[in-house]
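The structure appears right after this line, and notes come after that.
Per-chain numbering from 1; labels A, B, C and D assigned in written order.
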Amino acid sequence: MIATYHEARTRALERALADDPELLLLGGSLSLPFNPDDGLAARHPERILLPPISEFATAAAAVGASIAGLRTLVPVSTSSFLFYGFAPVVNEAANVRYLSGGASNAPVTFHMMCGSRRGGGAQHEHTLQAMFQNVPGLRVIAPGTPASVDGALHAALTGEDPTILIDHILLAPFDGELGEAPAAVTDPALVRDGGDAMLVSYSLMLQHCLAAAQLLAEDGLEVAVLEVATLAPLAVEELINATAGHERLVFVDESRAAGSPASHMLAQVAQARPQTHTRLVCTLDAPAPFATHLLDEILPTPARIAAATRALIAA
Amino acid sequence: MIATYHEARTRALERALADDPELLLLGGSLSLPFNPDDGLAARHPERILLPPISEFATAAAAVGASIAGLRTLVPVSTSSFLFYGFAPVVNEAANVRYLSGGASNAPVTFHMMCGSRRGGGAQHEHTLQAMFQNVPGLRVIAPGTPASVDGALHAALTGEDPTILIDHILLAPFDGELGEAPAAVTDPALVRDGGDAMLVSYSLMLQHCLAAAQLLAEDGLEVAVLEVATLAPLAVEELINATAGHERLVFVDESRAAGSPASHMLAQVAQARPQTHTRLVCTLDAPAPFATHLLDEILPTPARIAAATRALIAA
Amino acid sequence: MSVSPAVRLERFAAMLRARRFDETLIEHAEMVVGVFHVSIGMEATAAALALTRGSDDLVMLNHRNHGALQALGSDPEAMFREILGRDGGPQRGRGGSLHLCDPEHGVPYTSAMVAGGAALAVGMALARKRLGHQGIVFAFFGDGAMNEGAMHESLNLASLWRVPVLFVCESNTREAAERATATQAARSLHALAAVHQVAATAVDAADAGAITAAMGEAAAELRAGAGPRFLEARTPPWSGNAAFIPQLTTGRLDLSSGEDDAWVQADPILREMRAMTADGIATAELLAIDRAIDERMREAFERAAAAPLAPATHASEGVWA
Amino acid sequence: MSVSPAVRLERFAAMLRARRFDETLIEHAEMVVGVFHVSIGMEATAAALALTRGSDDLVMLNHRNHGALQALGSDPEAMFREILGRDGGPQRGRGGSLHLCDPEHGVPYTSAMVAGGAALAVGMALARKRLGHQGIVFAFFGDGAMNEGAMHESLNLASLWRVPVLFVCESNTREAAERATATQAARSLHALAAVHQVAATAVDAADAGAITAAMGEAAAELRAGAGPRFLEARTPPWSGNAAFIPQLTTGRLDLSSGEDDAWVQADPILREMRAMTADGIATAELLAIDRAIDERMREAFERAAAAPLAPATHASEGVWA
């Protein structure tokens, strides 16, 4: 069936709550305040515990609960709030299995809205995936379609790793195919085919890549679009194979380029296959300005992605 | 003259304390407990304020003091402690000039020991430069020689940006040329010349690259070594030019590859110059194990760097 | 210690600037991108700040900063320009409502992170002390900030270092049974400061006289070299005092309101108005002050709305020195 | 409530296991890479934990974990193997001294971050409560952890949620004038817990009877469904209780010590020994227990030191599931 990203996200969470009657949400909704209400708070009040504005203790409690057998999902809402609770995520959850010699683990999930919601400003529009990908032990998934958010939530809430679910406020209305059974996260996944170049991305930028592909199609250029939803651990071999047919690759990321998942992907492919012609399209090196016309000066837009791709093909 | 890294670091800090009679150290020594005492605490007790074990409030106080005109240097010691005080660094200091419309700024410096001290284990041996490079507004400098630590401290303590000084416990004994006047940070800097390949690195790994170059010289291979001390903002043009003479580049980093400064540098060069043959030598994807024989399984060593370089030249 | 009639009128004007600014903004909410937070109900605290602040003092605000800035005397047109992303906004369109600041009125930077600004304030006060400069630092934050460990660390630091910070907790939440708030197990918010040996008291922040006196006393003690002080400013919770204000009905204040609903009784501005008229100040005089301020806000908004957008170069300039 | 003679001997043995383990390690400090922290002076608290812990209870320790684990009954050879990076270390050579844990004795994971484990403990207690499982959670941490805002947040959460956590603050620092410690402006550490409405008391942790009784009572209240409890365990500061122990003189305990220096008076083991002999327990019996334990520690260390290094594959296995 066809469903919106928001519908798929809500269905996946409903399914997880039904499949695991113990699953606890430590925080409010995955969607509010900036997306339509998913109605979960109303339907499952007993599954939700609303913590104080104490990101550190909340994150730590979620990690501790998961170690003690209570699987917990933390809706962080704006990702930057977790800077207050960074240590329990990057220096506890990520180390539990490793440091306990495999005796314990912490199957906890942190869900957060990353990237620009437009009008949130410099302190509210971060892309934490860039930092989390560098932490061994954290699984970082950043879906960009209804099917992949379905798979991402299923993987996070049934898997054994501490998982960071990178979401994006602006993904809610996008629609796509959605199967009945929980989708598996397949990395990478070809979302659109085309021979002139390939665009590689994730989360909202995947949708921007599809829009850019449309623009390019109007110029008679056929470009493929590849989704890489699992940013860590990155499926390097699979990425290299999936891009093998293409001499021209554009890696698109809402993160700033330095330390971005995209530049790491580009580096892996370039190392394996010199002669590949590559471009990196990232947010320019500035915090997110509040005024949206200024924001559009630094964010990757479909037009900017298309322009970079044309230039690469022309080169 | 020839001086050790530890001597150069101590001299640079002494000079800064003399040149700026207001400069405050919010925390103990830059070198203790794992390096020889620099004697600063004994010589300048009135310049040092020892905070409680409150990384958040300490980091925030340093940022606030710098906004109010008191330049502050925070010796964080082990970098991971700053995960408790991450928000004031990445979401306050970095935004002060930008969000105040240029009216205010925060010339604060955070000095921290990154990478493996050997025997510190998974919670004490992080490479935070990978995360900090992704934050626009933070200046991140990671010197690898006596001359560059001299320049790095001078730049940090006289500059106007919030600066992260990435240091390494194991650098203390390495010696090198040190001029009288404060050195300028020149990025990149050619540390050793050679035509068969070029190694690009920073901090302790720069010294490992020089050791690897020695090993390779014994096989008759001449490899150049390039230091890139300023990781953010990265001097992209200069890096591309400085590597231009080489078809074979090895980027070496103690960070895990995903989100590492090295993979970003590799991506920038590969984008600008396809056909370049590149290798990434990073710490393998695991936390730092306590036992040093296990640690050596995952860290880049001179032998591992030399082997990767040989393989690249042979390819 | 009560204030002179002239100062009282000044304070009344400061309260009205705060209120009318927000009401004007709410009436044009559809023109604002993103969220904004209004200071309705907090005007007495804002006005007390304006009367208490000395020219060397610094002020750290939070996401709910409009009222304090208006009371302090910031240019409403400049603030509207910033909120609308127009050229001439003091933060160059980068900050919007969340980050409004005004160094000329002692506000060098505004953080929108809960407890963020208060934690910075401790360092600013440390700077004042070590540099031997005049001036104290006001740290404004909400009751929610007391949930953050950062506040405890900051209170402990300020107490250990005896730096001149006046912590002002604008508590606009209702007390819960047996505890300070629904999210705070402590019996009161000021107890959380007192335990760190920071002298702490609660005051009715809907009573302009009471909050002015309390803030004035605390500031005087700080100027005399006392350690940090903490004021729990108990603020009447106004339904609109939540984020995501765009969905909000204006709640425009009618000074001549004879109604008797709970908010009209609680409203710090109407309370002060009633008190002033009871003390013999002519209603007409007060209405005239209000009309002038209201007029000024409307004009400021219109000029701001008519201004060109902030130039594109503001987006990525000056990120590094 | 005092304990039976049999239990008292058990407690004495637990204290000695803790002490002799650390002394044996200190004597071979040069064989250890990196830092380690010993529990000398904290043995009474460790032994009280061993007597109080039920089989369903969880325990979170910190960087100074040897003593508690030995008291709880962890295998000394396995711990030495871990500290020496040998095969058979329970953390596979990944954790060393800082991260020793032992799920079979209720310690699923050990964080070396200050306040790290105590913050996790609140979530573990939440799990116990929501899953309807038996058992309470002990959170051990030092006085320094009370500097961390994370502790305040965790105390508030535990109090709001009324989860079964027993916070045990091992305070091994000296009190400063007018305040709890040199880095804590509060008058006492337990006051910092009490303000969050967590029932809190201080106890002399060098008095095996007192700390056993206090911990037993608190645990009983928790098992009966009371909210969280906080014990300030006042521990005699031993000069060696700092990091970077390798430079340390052993301080090996001489049970037959007649000396009269301050430490001999303060030492919880010697205090309990004096008390037991005063209560008529034969010195010979106590010395025999000590000899057996000391012997066991030496043998355990020798076997560990003779073991092969942990296999290289342990370095990067199982980072992700």
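Everything below uses one rule, namely that a residue touches a chain if its C-beta (ideal position, glycine included) is under 8 Å from a C-beta of that chain, and two chains touch if they have at least 3 such contacts.
For clarity, every value in this text was computed on a predicted model and none was experimentally measured.
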Path length in the contact graph (chain C to chain D, fewest steps): 1
Chains contacting each of chain B and chain D, listed by label: A, C
Higher-contact pair (C-beta pairs counted), A-D versus A-C: A-D
Farthest chain relative to chain B (centres taken as mean CA coordinates): C
Length of the line joining the C-alpha centres of chain B and chain C, rounded to whole Å: 41
Between chain C and chain A, distance of the C-alpha-averaged centres to the nearest whole Å: 37
Centroid spacing, where centroids are CA-atom means, of chain A and chain B in whole angstrom: 29
Of all residues in chain C, the ones touching two or more other chains: 91, 94-95, 99, 111, 113, 147-150, 153, 156, 160, 183-184, 319
Touching two or more other chains - residue numbers and ranges from chain A: 51-52, 54, 56-57, 80, 84, 87, 91, 98-99, 121-123, 136-137, 233, 285-287
Chain contact graph, described as a line, ring, star, complete graph or other shape: complete
Sites on chain D touched by chain C in the complex: 147-153, 155-156, 159-160, 178-179, 183-187, 191-192, 195-198
Interface residues, chain D side, partner chain B - complex: 33-35, 85, 91, 93-99, 111-114, 116, 144-145, 147-150, 183-184, 243-244, 309-310, 312, 314-316, 319
Footprint of chain A on chain D - complex, ascending: 58, 60, 89-92, 94-95, 99, 101, 103, 108-111, 113, 116, 119-124, 126-128, 130-131, 133, 137, 149-150, 153-154, 156-157, 160-161, 318-321
Touching residues (chain side chain B, partner chain C) in the complex: 22, 24, 49, 51-52, 54, 56-58, 60-70, 72, 87-88, 91-92, 96-105, 136-137, 139, 159-161, 233
Sites on chain A touched by chain B in the complex: 56, 80, 83-84, 86-87, 90-91, 94-95, 98-99, 121-123, 126-127, 130-131, 133-137, 231-234, 255-264, 266-268, 270-271, 274-280, 285-287
